[in-house]
Structure formats: C-alpha cells, structure tokens
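Here come two complexes built around chain A, the first alongside chain B, the second alongside chain C.
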Partner chain A sequence: MIEKYRIRYCLRLSLGGFLLMVMLAVPCFAGAPTDGVKKTTDRILAIVSDPALKGPENKGKRGQLIRQAVDERFNWEAMTKRSLARHWQKRTDAEKKEFIALFGKLLERTYLDKVGSYSGEKVIYVDETIDGKYGTVTAKILTHSQTEVLVCYRLKEVGGDWQVYDISVEGVSLVNNYRKQFNSIILRSSYDDLVQKLRAKVAEKD
Partner chain B sequence: MVRFRLNELKASGWELNPMAIKQGERMKKFDLELCVGLFMILGILCLGYLSIKLGKLEVLGSQGYEVEAIFSNGGGIKSGSSVVIAGVEIGRVKQVGLDDYQARVLMDLPFDVKIQEDAIASIKTRGLIGDKFIEITPGGSEELIRPGGRIRDTQSAVDLEELISNYVFGKL
Partner chain C sequence: MVNLVEGKQFMGLCNRLWFVLVFGLVFGGIHCQWDTAWASSFEFRQDAASLEIDVVGQELIQTARLDQASAKTGVPEEKAVSKNEKPFEDPEDSEDWPEDRSPEESLFPDPLEPMNRAFFAFNDAAYFWFFKPVGEGYSVVMPEVLRVAIRNFFTNLSMPIRLVSSLLQGKIESVGMILVRFVVNSSAGFLGFEDVAKQALDYPVQDEDLGQVFAFYGIGPGFYLNLPFLGASSLRDTVGWVGGLYLNPLDYFVEDWLPNLSIRAFDMTNKASLRIGEYEALKDASLDPYVAMRDAYFQYRLNQIEK
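After this line comes the complex of A and B, so read on.
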C-alpha cells in the first residue's frame, strides 16, 4: 500500500517538474522576429570582427557586405514611406524609387562608420511581442563600461519573412525623427529641395 | 371721467371690496416668488454650464472616436491630458490604465481628424518639467485607424533622470 503511494507521489513530482520546465521554457522561446533580427545582427558582427576585413583598405568591401546583410532584413520601402509620411502619396513612382535609394544611402553613411567602431559589445535579446502581422523585438546592447542601451526593432511580416521598418534607440524612433525633419523641410521649401539636400549629404566626402 | 369709468366698471359687476384687494396682493406676492424661483433656476443652470465648460466634462457623450496606444512608460500622463497634432490640440486622454505592466492610454479624437495606421504617438513634456501630453505625428499609409483601433508605433516619455544617470554612470 505504502509502495503504491510512493509511486504515485513520484509520478506527481515528476509531472510537476515537467510542467515547471515547460512554464520556464516558454519565456525563453525566441519567436520568428527575434530569430530574424538575431541572424542579421550575428552576420554583421561576424563581418565586423573578421580580421581579414579589418583596416581602412577593406572599408569598401566591409561596407558592401554589411549593406547586403542589412538589405535582407530592412524593408527600405516601408521605412521610407513611413518617414515621408503624408508626402509619400504625392510622389510619382520614379520619385519614390529615387527617394528610397537616397534614404538608404543616407542611413548607410550615417551609421556604417559607427558599426565599424564595434569592439565586442554584447547584444542581449530581452523581449518580443507579436500582434498579427506586426512585431517588436527589444534588445539590450551592453557596452564595456556596463552601460545598457535599449534598442527596439519594429517588424512587419511580409511573405513569411519578418522585416524591420523602424528602430528605436532609448525610446527615440528613427522613423519619427526623419519624419519630422522631412516634413519641416518640405513645408518650409519643397520636396525637390529635400532631395537636393539628401543628395548633397550623401555625396559628402565620397 | 374717472367717475364715469367707475360706474362703467360697477355696471359690469366689478365691486371694490376688501377681499378682492387682498387677493390682488396675494397675486403680486406670488409673482415675486415665481420671479425669485426662476432667477434661482437660471443661476443654477449658469453655474452648471460654467462648471461643465471650465471643467471640460462630457455630458452628452463624446463627439468622436476612441483610439488606444500602449506605452512602455506613461511618464505620468493623466486622463484629461491633451492630444496634439502639429501643436494643435485635437483631443484628450480619456483613460489611463495598466496592461501587462505597460501604460494603456485611451484617447478621444474628433471624427474629422483621421489617423493613419502608421502614425506615431509619443509622450512629450511641455517645457522641461511641464505637463505631459501626447503628440501624434501623422503617417503616410492609405489605411486609417478605425474607431477602437490602436496606434501601434509609440514613443514613451523620455526619462531625463535616467538619461542623466546613464551618462553619469557611463563615465565610470
């Protein structure tokens, strides 16, 4: 009789343990959006820390490789559309295409050099939310001085692939920043002036 | 002339008796009370109107639609805080609540202000330490947010103290 109880007790314990494991495992499960962001980040980190690609003489090649990796994850059209906001619909298809290329170049110029100064900072994926076709991935970047920088990626699922359309660093959104700047330039002068300004900025020191 | 009139009145059955005079007085008194009463009601109505107008209360329900937004940090936004587009107040915060340890803000917007699906809502501070308000930067999507919908892209209140502490401790 006692033996029977003991078996039952053991069974219950193991079942409880299993349930606990499942419950603990669920929050650690990384979904498709995090997977996508992680894959791209790892790829870029591999390029940046590759000794064969270091040095100023390899800068062009390195930049090209990074751009390729970023292109796969970033939805430039969605990003540009969101940044131009109300002014997007007034543009012709050719203008849209030109602006997407210019905007991509601008971001590349602004941030590529910063990626080059990478020196082993850690990236930790903290949180992920999925709401239908939209998702967010929150990551923390740990610097050497133990400062945390919170980065939030906003993604949209396009054909089974999660693509980034906005990045917030410490709660400040990239798209919102450019949206305000573009809007104020267009309202102050014109769309053509904005394109010219972007062209000048992209051509700087090139 | 007067006598003639009086005779005429008497002929028509009118009598100058004390009872009638008293009754007239009573009528006058009643008129006065009515006046005071009406005046009081008018006063109360004015007071009600003023308190609704100044307190910005809604009596006849709202003439708009609701849109919600989730912020990771509400920064002390309250119901009644203004919702602004391009610096123009277009609506107010109706309700602030907690949803999965995040701030869920319900806004009341007028029907003639359409919000695009990719609009961004951010919590801002008036001045350096002033009131909090919500700023919506309109997007470019053809899709509009339906009543009861949600602004997906939000930007929480920037915590100045945290930024300073990050800066200070980052220097260690």
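After this line comes the complex of A and C, so read on.
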C-alpha cells in the first residue's frame, strides 16, 4: 500500500519536473515577428559595419542600401494612417500619397541618422507577443556607456510578412508622439501648414 | 530551576525564530520571486483612469458644444477634441489595433503653455550655448569610462530616494534589489564607481522617485511644466523632485551651498556629456519640438509608473 503511494509520488514528481523543464524551454522559441525584426536589424548592422562601405565617399551608397532594408520592414502607410488618426479620412487620395511619401522620408532620415552613429551597440531580443495578426517584439539595446534602452516594435502581419508600424523607445511611442504633433499643428493652423512644415523639414537636410 | 528551564526553552524558540527569520530574509532576498501583484495598483488604476477620462471627456464635449453654439471663435479647442478622439476609424478596413483597446488618451493639460514655451526656448539656448560645448570639452578631457564611473557613483549615492520610493509603493522586490545593489556596489564596486551588481547579479537600477509614489497613490500629473535648467516636468513630479532633495545624502554631507551647488553642477555636466545628441535627435525629428518633448515626457513617465 505504502509502496504504491511512493511510486505515484515519484511519478508525480518526475512529471512535475518535466513540466517545469518544458515551461522553462518555451520562452526560448522565437517567432516570426522577432525573426523579421532580427533579419532587418542584422542586415543594417552588416551594412553599417561593412569596411567596404565605410568613409564619407560611400555615404550615398550606404544610405541607399539601408533605406532599401528599412523600406521592406516598415509599413509607412500604416504609420501615417495612425499618426494622422482622425485627420486621415478627410484627405484626398493624392494628399494621402504625398503625406505617406513625405512622412516616410522624414522617418527614414531619422532612422539613418540614428544608425549612422552606430558604434558597436548590442541588440538583445527579450520578448515577443502575438495577438492575431498583431505582434510586439521587445529588444534591449546595450550602449557602450552601459545604458540599456528598451525598444518595442509593433508589427502587423501583411500577407505572411511581419511589418513594423510603430516603435516605442523607453515607452515613448513614435506614432503617438507624431499624432500629438500633427493634431496640435492642424488644430492651430491647417493641414496645408502641416504639409508645408513637413516638406521644409525633409528638405532641410537633403 | 523552573524559570531557567522555561528560559532555556524560550531562548531555544527565540533562536529558532531568529534562524527562520534570517533564512527567510536571505532566501527571499536572493530569490525575490514571490508574487508582488498585490503591490501594483495598476489594474485598479486603469479602471479609475478610464472612468476619469470618460467623465472629463463628457464634460469637455459639453463645454465644446456650448462654446461652438454660443460663439464661433477661432480659438482651437485642442484638448477637447484630442480627448474624444476615436483613435482611428477607417471605414474600409476598420482595424482593431491592439494598443488602442485600452483608453489611455492623454490627460496632460498645459495651461501655462506660453511660460513653458519661453522656458523651452531658454533651455534650448542654454543647451546649445553652454551645456553642449562644456559637455563636449569635458568629454575630450575625460575618457568615457571615467564619466560612466562618476555617473555610477552619483547614482549609488542617491540610493535613499529610490529606497524610500519603492518602500512607499510596497515594491518588495525593488527594495531588495536596491539594498543588495547598494551594499555590493559600495563595497565591491569601490564606493559605487563600478556597477558590479548590474554586471554580476543582473540587478538593474530601479528607477523610482517620489513622483512615481504620488502616481501610485492615484495622483495625476497635474499639468505640464517646463522648468529652466531642469527641463520637462509636471506639477506632481516637480513636488516629488523637491522632496527628493531632502532624501539625497549629498545635502547632508556637503551643507555649504557653494560646494554643494558645484558638486551638483559637476554631476549634471557629467550626465549631460553622456547624453549629447539625444536632444538634437528629438529636435531634428519633430515638427514642433515643444509638443514632441511634452508628449515624450508624458509617455515616458506613464511607462515608468506602470513598471
């Protein structure tokens, strides 16, 4: 009788141990969203640290390659839609197109500037969540001054491909930030003024 | 005789209790894994916040309507509109964006905007004409390793602010980490110049301050403040910052105002030298840097409070 219980107890223990191991192992599997972000990030890091592309004379070529990589991963239309929010619907198709192009350029340039100052920071993928066709990927960036920056990518699945539609750095969402700015400018002056400002901003550095 | 025996038994019990207490503390301290969900009032607060938003939103709708009806002035009702804003509704593909499900629309009024904008311009000038050149010159003289060490020292020194803030929020896990960090870094880390606890134990700095304590007990940010030299803040966080001054041991070690202020200025310059380029990036990427900064501060604090 006692023996029987002991066996059961042992079985239960080993089963518990197995379950625990499975639970510990699960977070190690990375899903499609992380793969997508990682692929693009690795590609850009390879371009940035490629000795053949270093130097000011290769700046144009480097920028073009990075832009290509970023364009594939970032969904400019979704970003613009969400940034303009309720002002989006009032726009005509031509206006929408123009705004997407301008805003995409501004974001691209900001991203390029960030990547341009790359100096060996490490990227560690910490977390991933998937909720239907939406997902988030959290990455930790270790800078050389021993600071950790938490970056969260929000992605959406479009035709089997995970595309980024928002980035938050330390909890500050890019899209939310632009939404506030756009809203403030449109309400104070007009949409045309916003486009003009955006155009000036994009032209500033080209 | 009887007393002695009883005394012995009592002592034995005491010893055992003592052992259990120490063991529990050490074990718990090392494996800070217990559930501290009771200490985070997040769920409760979210409900309260959404309720508040609803009430405020309704009021704002009404006032906005009244305003429109009575006099069609050109003054933009920015806040009124932005709060009732349905995050995004597209008739073609009305999508249910995951982060729009919880209403966390900004409740961050800015009644002192003209003053804040003036101070923003002042800070902007102060940064480009003073802090940036000084910080750049300083970083030429000081190698980055030393600057990081100095930053770590000042961070370690201001431990009481974080300790008291975590205690007041009931974050036991954080309290344990802060204490372990302080002991380890002050000894093995040479007075805190080296962040050993982060490297060896992976205990990160616990970003806690009194502003977050106020938020924990349900106090809203009040309104936005942009203060000269101190930058973006809110009424609540400014009060917290002033309270934090009393918790900083620096003020008790160095009581004379001139050395105290010099040390503070040194700390600020040192920190600024490690962050050159961040402000420029924000300014470069935004169409209205003031609004961008205000919203970034609001989002950043919200994120810190939720942690």
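FYI, the second predicted complex is superposed on the first by the 181 of 206 C-alpha atoms of A that agree within 3 Å, B and C clash if a C-alpha of one lies under 4 Å from a C-alpha of the other, contacts with A are read in each partner's own complex, and residues count from 1 in each chain.
The rule is simple: contacts are C-beta pairs under 8 Å (C-beta built on N, C-alpha and C of every residue); 3 or more make two chains touch, one makes a residue touch a chain.
As the structure is a prediction and not an experimental result, all values here were calculated from the model.
Upon superposition of the two complexes on chain A, a steric clash is found between chain B and chain C.
Of the two partner chains placed by superposition, only chain C is touched by A:184; chain B is not. When the two complexes are overlaid, the chain among chain B and chain C that reaches more residues of chain A is C. Using the contact criterion defined above for the overlaid structures, shared-chain residue A:114 touches chain C, although it does not reach chain B.
Judged by the touch definition given at the top, the superposed model places A:106 against chain C, while chain B stays out of reach. In the superposed model, A:198 makes contact with chain C only, not with chain B. Look at A:89: by the touch rule set out above, it reaches both chain B and chain C.
When the two complexes are overlaid on their common chain A, residue A:62 makes contact with neither chain B nor chain C. After superposition on chain A, the stretch of chain C that runs into chain B among 2-10, 20-28, 38-46 or 182-190 is 38-46.
Overlap of the chain B and chain C interfaces on chain A comprises residues 81-82, 85-86, 88-89, 131, 134, 145-148, 154, 166, 168, 170-173, 176, 180, 183.
Chain C meets chain A in the complex at residues 76-78, 81-82, 85-91, 97-99, 106, 144, 147-148, 152, 195, 198, 204, 274, 277, 281, 284-288, 291-292, 294-296, 299-300, 302-304, 306. Listed in rising order, the residues of chain A touching chain C in the complex are 81-82, 85-86, 88-89, 106-107, 110, 113-114, 117, 131, 134, 144-148, 154, 166, 168, 170-173, 176-177, 180-185, 187-188, 194, 197-198, 201. For chain B in complex with chain A, the touching residues are 72-73, 116, 118, 120, 122, 137-142, 152-153, 155-158, 163, 166, 169-172. Only residues 81-82, 84-89, 131, 134, 143, 145-148, 154, 166, 168, 170-173, 175-176, 179-180, 183 of chain A touch chain B when the two sit together in their complex.
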